[in-house]
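As written, the chains take the letters A, B, C and D, and residue 1 is the first residue of each chain.
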Amino acid sequence: MNFGSDTTAPAHPLVLKAMARVNTGIEASYGADAVMVRLRETIGRAFETEDFDFWITASGTASNALALSCFCPPTGAILCHQEAHIERDERGAPEFFSGGGKLRLLPGYGAKIDPQAFLEAVRTNSPDFVHETPLHVLSLTNLTECGLAYRPEEISVYAEQAKAAGLVVHVDGARFANALVGTGAMPSALSWKAGVDVLTLGLTKTGAAGCEIIILFGEARAKFAELKVRAKRSGHMPPKMRFLAAQAEAMLTDSLWIRLAGQANLKARRLAEGFEARGYKLAYPREGNEVFVMLPPDVSERLKRAGAVFYAWPGGSSRFVCSWASSDEEADALLAAL
Amino acid sequence: MNFGSDTTAPAHPLVLKAMARVNTGIEASYGADAVMVRLRETIGRAFETEDFDFWITASGTASNALALSCFCPPTGAILCHQEAHIERDERGAPEFFSGGGKLRLLPGYGAKIDPQAFLEAVRTNSPDFVHETPLHVLSLTNLTECGLAYRPEEISVYAEQAKAAGLVVHVDGARFANALVGTGAMPSALSWKAGVDVLTLGLTKTGAAGCEIIILFGEARAKFAELKVRAKRSGHMPPKMRFLAAQAEAMLTDSLWIRLAGQANLKARRLAEGFEARGYKLAYPREGNEVFVMLPPDVSERLKRAGAVFYAWPGGSSRFVCSWASSDEEADALLAAL
Amino acid sequence: MNFGSDTTAPAHPLVLKAMARVNTGIEASYGADAVMVRLRETIGRAFETEDFDFWITASGTASNALALSCFCPPTGAILCHQEAHIERDERGAPEFFSGGGKLRLLPGYGAKIDPQAFLEAVRTNSPDFVHETPLHVLSLTNLTECGLAYRPEEISVYAEQAKAAGLVVHVDGARFANALVGTGAMPSALSWKAGVDVLTLGLTKTGAAGCEIIILFGEARAKFAELKVRAKRSGHMPPKMRFLAAQAEAMLTDSLWIRLAGQANLKARRLAEGFEARGYKLAYPREGNEVFVMLPPDVSERLKRAGAVFYAWPGGSSRFVCSWASSDEEADALLAAL
Amino acid sequence: MNFGSDTTAPAHPLVLKAMARVNTGIEASYGADAVMVRLRETIGRAFETEDFDFWITASGTASNALALSCFCPPTGAILCHQEAHIERDERGAPEFFSGGGKLRLLPGYGAKIDPQAFLEAVRTNSPDFVHETPLHVLSLTNLTECGLAYRPEEISVYAEQAKAAGLVVHVDGARFANALVGTGAMPSALSWKAGVDVLTLGLTKTGAAGCEIIILFGEARAKFAELKVRAKRSGHMPPKMRFLAAQAEAMLTDSLWIRLAGQANLKARRLAEGFEARGYKLAYPREGNEVFVMLPPDVSERLKRAGAVFYAWPGGSSRFVCSWASSDEEADALLAAL
């Protein structure tokens, strides 16, 4: 009954098999290997475009910070939600990679950026006023930190306004596959077609061992050489890149990522419905693989004594995260323990 | 006949098997897993001490820079050889991680720091003179960039003088196992017993998929909390650390690292002896898994046409690197092509 | 009728005279001059202590950032008001000087930090949780950005709680003298006696040409050597420091700083009372040399047409700042133009 | 008999008079004042061009680092002499301002960059090789740290080769006026006409209180907005800029800078000729206001006992620096004490 985080799950066996399969003979190092070449096609098919470049790291923090640092100078700012992972949980990585850039924080229900606050921030942005730090990037998180999914049409609206103000649009997609399943959208619809310039496509929580792809779409590709330089400089260009590429290939082949995210979302739905059926109110609609439920202290205590693992969340709810490896039995055992 | 670099070799099968073996069930993330706990004992046995702390990354550049940044403030300098990997091949990673620290470069035969130049640098160091950047760390590379091995007694001399001047002693051990085999020294003798405070123990070139351990010995352990913070902040604390720990465990178990390095060294010896037997002079003694040989241009050209891969090196030699996966047949084919 | 900012005022003639007076003969450079030695005594008398160290720069942004960077590591955070000058008007200087530290923002009336929000921030601070950025410094601004003055007993409360949580207490005193006059407190009472560890004592707005003293009190003196190193490294250790020291000496001699701040506060009071007498509501009580008044758009427009200079402020008020050089005639002309 | 440094001299009285003269009434702050406007014309006349932008700081370290940081990214390198002030005496300021850029050091007689070493560095520069840090800027110092002057035709050769390799050309002109007098060249000839893109024009050593102009010529002007942002962010945009501008104006008016540098050079010539007449060999030709002479230890000791102030220099010589305030009497007294 461990619903603490999808980061504690094992990797899917196909991922490790893929790593073993590429472990043959000499391969060019630092990303010039054949697996990376093949992977390019795989990503292109998944996202229905050839107008992209990509890099891979083993860490979501690294991929977010690298992506952001290509578009936010040391003297600039990134606009994000006040509960965003890049603000709360990455120990200042964006500030480190950007050389001292700032995060500008916005409020909003369910860790979605409030549209009015966003418009106001963009409206009052003064890129030419030397004393203030101007905005360079809008960073959305999909799923949000409260498990909500931005839909393509929502992202389009933010992206259009952001671009009109000269901002680049980044999506932290640590749970992007869960958002795809939750919204029913295609990868292209939830990324470049909606105006996303750079996507951190997390696959680790979805089922990889450690694999987070940074994808630059369209004009953002102009930063690809810089992205690689920054990856090298920060130790995110390990010699045997084939083992990162193999993970990505395995996940994107035959829609494994979608299937695994679908499993996780299903378990979360089972949990969410179970909570509601027993009279417990959800703090936010369940749209991906996370359930935030309002539990009275004694119930929460009872669950913990029964061996359930989950976390208290800001705002008073309890967070339960399902992974590809969560089982119906675990979910039912938890609900039974209520 | 690929002798370009030991970074192009595959991982040893036992390494991938170990990764698959730990891929079962839920594990605490970010390094709090059971594999990391077991690994601590394994490292302790290999280095004959319990007075250490450690972290793992998948990149030598990252491990070097993280290690150095714990001991060199933004306002300080690291003393190293002018051909050191941290100066030449890591795209300013030490400067990035330290927040703008400097590398102070010393000359010396075979990429070993010249003892006189070292003494002079230490002697003229002025930590209290506000205009100059004072030394905080001595970084040695073992094997050096020219394939030479520092012996325990050599390191002791540098370390003693460094410490008398208040410097911390770091070893970049990207090919540490090759140095162990080359010198016949025990891991402890070539590290903490010789006065090394912090070791970047590379296992990737030796045979892992991507695994470089940072080991803090003795008083250097005071920086362990900071090391983890810096690892997190730079994206080198991926959630599923068990896959890094499993690689290290596999390599250090039953002396696999020593056996693989021994194989690589043997192939290099075969090459070196073959070159010399055919009248080609070595640029430096062969002490590890690298051979630097003076080849006339036409011979070099002939080898390349025959399919051999190797690199021209500063100073006019040609560098041939053997890995655990190099075969006698490859070596003999190369020699035959001479 | 220029009430735009006290930064636009000239320097007091005594300040320039003092600079001319020290312009005789050879003086040791980089702060080792005789004027700096004398100044130490002058500061000591003004603040009734010998337990301090100090440095001077010509810029408040520099002095704030230098002070903060000695106490907030790259991996840490500074707690301040969301409207603080260090957040809004210094173009990311604290982030730059600290190497990527963060500012954590708190709300509060009149740009004073809300006591409850402060307690909550301190209570939830987790210095040992590697993913979050922990607090290292509390920075108060006195006068605040809305012209309010913290009183000694208020600062004591914040300082006590901050220190209990391991935070260092900084005061941005760009208008410290105005706060002294406004509260009637002694310099010691509004600084070290109230628990302030490091004070940025601004004298430029008060009447200097460019002179902002960083004062480290008590245990904070342990950072004095680092402060000088950081000053040097950031270009804030110009060779002829005597010209900075002479300004400070002139200002602190015979209470010139207090007298000039008193003049400025009096003019602001004249303005404030004039506004209120004419039925215009102040947005905040007038406690220093700034007046924030709610003016209908047509009145604001009329004033501007009449030649008055002042700025619209967040929240809808208009800000009028008086300097030592503001005259009763200017104030009366402005009020007449209402 | 103080020949320690031209930084210990007072400011010329006309400089302080100019500061007092601009101390009247309200002036726009942060560089938008009328003195800055006038100064633009003054600089234009002095350098015979209108194709430039400029900023002023009170510190040569700041002006050098700001200038360099506009042209060298965190991932790039600056080529300079191994004895350059930016390497030896600025406590890592270029690394700090650039966010971790590197200095690449070249040898050469008299602190002039060796032409062959320069060509080799430029020839082996690999901007597209991700592992190495590529060159972005060439920084020359004029006068050099050994008191030699680059002539216009020398600078032209370096600049042409640098530009062909894509490098920007910077001159650290802390003693630029002394170089002008020493070479007899016009300011334009020793800067933009010779291919210099950005000049740090030091006036403090020449006779100002604290005034170092950064001048961007021609295409380098594209970085002017960034330069101001970096100045603000580093605390080098103090509010009352008029006092910096007034110094520059005084120095550049009626060729005061040239006359003061001429005086200093003359005193140095007197010293140099005196040394040589007494049989002491100069370590380098005297071309500006600095004399480097080989003194036997007993002579050096005798001078010090007689009250002379000067410094031992790397290479065994003794350095004597003359300023605008040095007198013939002092020079003669020193020579008499020999």
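Throughout what follows, a contact is a pair of C-beta atoms (placed from the backbone, for glycine too) under 8 Å apart; a residue touches a chain by one contact, two chains touch by 3 or more.
Bear in mind the structure is a predicted one, so any value in this text is a computation, not a measurement.
Student: By label order, what chains touch subunit A and subunit B together?
Tutor: Shared contacts of subunit A and subunit B: C, D.
Student: Sort the other chains by how far their Cα centres are from that of subunit A and give me the top one.
Tutor: Centroid comparison gives D as the farthest chain from subunit A.
Student: Suppose each chain is reduced to the average of its Cα coordinates; what separation in Å results between subunit B and subunit D?
Tutor: 42
Student: I'd like to verify one number: the distance from the centre of subunit A to the centre of subunit D, where each centre is the average of its C-alpha atoms, in whole angstrom.
Tutor: Distance between chain centres: 50 Å.
Student: Provide the C-alpha centroid distance between subunit C and subunit D, rounded to the nearest whole angstrom.
Tutor: Result: the chain centres lie 34 Å from each other.
Student: Please list all residues of subunit A that touch 2 or more other chains.
Tutor: Counting only residues that touch two or more other chains, subunit A contributes 30, 74-75, 90-92, 96, 99-100, 130-131, 229, 232-233, 237.
Student: Provide the residue numbers of subunit D that touch subunit C in the complex, in ascending order.
Tutor: 2, 5, 7-11, 13, 16, 19-20, 23-30, 57-63, 65-66, 90-93, 96, 204-205, 209-210, 229, 232-240, 243, 325
Student: Quick one: which bits of subunit C touch subunit B in the complex? Just the residue numbers, please.
Tutor: Residue list for subunit C touching subunit B: 30, 74-75, 99-100, 128, 130-131, 225-226, 228-230, 232-233, 237.
Student: Okay, in this complex, where on subunit C does subunit A touch?
Tutor: 74-75, 77, 88-92, 95-96, 98-103, 105, 130-133
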